[in-house]
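Two complexes, one shared chain (subunit A), two partners (subunit B, subunit C).
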Partner chain A sequence: MDDLNTIVANAKAVVEGHYVLRSGLHAKSILKTHRIASRPAFVERLADRLANKLLEELPSEGMPIENILTFEQRTGIFAFALGLALSRLQGKEPVISLVGSYKVDSGEYKERLLVEDSLKPEDRVLVFYDKRITGGNLAVLERILVDEMDKGKNVNVVGKAVLFDFSNFLPEGYKAASKVISLSDDSDYNITFYDPKSYEGCLCCRQNVSVVSCASGGLT
Partner chain B sequence: MIPPIEEILRDINELQALKGDGHYQLSTGRHSRRFLRSWVLVQKVTLIERISNLLAQSFWHDEINAVLSSSVMPCPIIAYGVARAFCTSGKSVRLVLPINEHNRLKIGSSDEILPGERVMIIHDIAVRGGVINQLEDLITGSRAHIAGVGMVFDVSGGEVQFPKDVKTVAIIKEGFGKEDSVNCTMCREGIPLENPYDELHPS
Partner chain C sequence: MSGESIKNDYLRLKEAPLDNLIGIVQSDNPQDYSLKHVALIELRRFPETDTVNLIRSFLDRHADNSLFKILCIKALSKRSNLKATAILCRLVDDPEWPVREEAARALGVIGDKRACTALLKKLQDINTEVRRASSHALAMIPIDAEDDIRTLINYLVDDDPAIRSSVSAALNESATRIFALRDLIVRELECLAQKICTDERKMAYLLHAIGKHRSLITALSSIDLGPNRESRLLELLAAS
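Showing the complex of A and B:
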């Protein structure tokens, strides 16, 4: 944990404000993984730790990981570092399958694989995102996998992993059903999320703190 | 031992990234006989590592504070790989990825380029240099210096105007048989025109 705290602190990744996430939740502080992604030394340390943890915690039939399914941009950078770390540890290079968001003719955005055939039948796939709050982005990735299976690609999902898991507020039943392997959780950084629609609402809203920014731009 | 460039070309062929003997519409509007689907390169981490290391080695003895690229894949991952290669050799180099706002690149609130810093530009394919010019503007607009430009493919045929005295390195240089869309030989030959970006942006 000390190393993780040092990385987060040195990258100045926890920022204070009044953030509105795409999921609708509000937060008084958020973790900007973008700030970590810009420092290769930090990214490498996180990737090495996660790769080791995956090897320890995933069942042996899930190994070696053959494919990492994730999003473009900063998460893709973490996935690249994780892919290199896994290549060294498991002696087999996983393919990186990136998912992007594209505007279609109707004006809506749809997520799809950047390279259509990057997932191969029977691949052992790790679903990866940099952080989880409500799990929206992981759910999008899982939906992509279901679509691929509908096309006849019977991939094997070996697990889900994130660097940071901030889903402590989610119901236990949901969390148990959607287990992820992570390096840390929200209790480590004292990050609290508020549902503005709940009875208590958002603390920042009650204190009239103006919304300073939208968070990461993902569903998180 | 296979030279690094041979290994890179072998991987590019394995990934079927290079499309040849066709008639392709480039993003610049020009037509070309060949086309590199650069986005497929990100699938193979050791290929990106090889490309990044080779680009970093060309600037090994230069002072670099940050690496800047566009946010379009595979550029961010190659740029990260270059910054990583510098860091592995003991240098402190960070990655800066601009955001795209109304088709113009700008530095987001989480990033910064400080005045006086030496910033290296990384790009996948230089055709006319439009993106590279925008990245240069971001650096000079921050009163920083362009430390160099590293490209995987330079297919510009010398058309891209780089600022004087800026070191530029391309792993692979070739013409790709580009032609203006008016008076295009392939159009005259009746070869059907393909838009390779349809693969990325299906309707």
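Showing the complex of A and C:
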């Protein structure tokens, strides 16, 4: 935990502002994991820790994780490091299945696998994202899996993992439903999320703080 | 479970009878996890069979598993009955927005008008994708309740163009299908125009939405645009 806090502090990853997350929640500050992803040594340390935790906690029955399903860009950077750490520990290199998110003409975001055959039938798949707030992006990745299953490609989902879990900070009435393995179970980051449509609304909106980053397409 | 045995089980399930699929879905054996995926997908081969209670109890047992929830929604989307609609209406309130979005889409596919109230509520969801999926779904459902029409009309001036477009399509569908509703829609459009007449942006949205559909365009002649009606109309249409 100390190491995790040190990495976050050294990377200056917690940034203040007024953010609108893809879930629709607002935040007064966020953990900008790009700042950690740009430091290879930090990425490697986090990936090693998560790989060890995964192999301890996931029911493996002696079988390796064969595939890591994640988004491209910064989350992909962590996934590559996680893949390397897992291949050292379990003796088999997992394939990274990258998902891209594209804005289509209607204004909606559509996600799809960048390499269509990166997921093989019967693969033991880990669903991975760098952080969880409501868990929406993990569920988006699972939706990709359902689409693949729908095409007749059965896969075996071994679990879901994140580096940072902020679901403890969700506003009243919110609860992240899914179980995930994370490095930051007892995190003490001071991150506050607001439901802009709740009775009290968002503190930054009330104070007229302009939105400095609209994260539709990737933060929750 | 080895990859080979999973593959064999999977191929077996592709042609399995309903009883076998039900057995796997009801099983508490954690090793059946991957088979449950396949069984849930294969349940769609039996759309006429009442497996909705089975899916409902399965969802209750796996409330923390979004993958199973999305699979159940896919399985339910081919079942056009009251129970399927009721379960999907519950899932549109799920904590995870992709589950809510999928449930809203499935309600549109089923097209059951009993889902209207739940979908109208979801037009206020904090997640944009859920709101859009709900508005798409409403455009696929025959809406005939006057209160639902009144609520829906307010979203013709929503800030999201995708929602405005779906809502105008839904209203046009209702006005075309039920002649009596056309008068109500035209009256409500006039009321809305009066409410927002000082807001140039919203007026432009409204005129654009009305102008797209033949059955709504009749409302245009009744909307009060002030003394310089023609030039104001042109200005607003240009802004839209």
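To be clear about the criterion, the second predicted complex is superposed on the first by the 194 of 220 C-alpha atoms of A that agree within 3 Å, B and C clash if a C-alpha of one lies under 4 Å from a C-alpha of the other, contacts with A are read in each partner's own complex, and residues count from 1 in each chain.
Quick note on the criterion: a residue touches a chain if its C-beta (ideal position, glycine included) is under 8 Å from a C-beta of that chain, and two chains touch if they have at least 3 such contacts.
None of the values given here were measured: they were computed from a predicted structure.
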Per the contact definition, I'd like the list of subunit C residues that touch subunit A in the complex.
1, 3, 6-7, 10, 14, 30, 33-34, 37-38, 41, 63-67, 70-71, 74, 94-99, 102, 124-129, 132, 160-162
The answer for subunit A against subunit C in the complex is residues 22-25, 59, 61, 106-109, 121-122, 134-136, 138-140, 142-143, 145-146, 149-150, 152, 154-157, 174-179, 195-197, 216, 220
In the complex, subunit B residues that touch subunit A
39-40, 42-46, 48-49, 71, 73, 76-77, 80-81, 83-84, 86-87, 92-97, 108-111, 199-203
For the complex, which residues does subunit A have touching subunit B?
32, 34-35, 37-41, 43-44, 72-74, 76-77, 80-81, 83-84, 87, 93-98, 100, 102-105, 112, 114-116, 118, 213
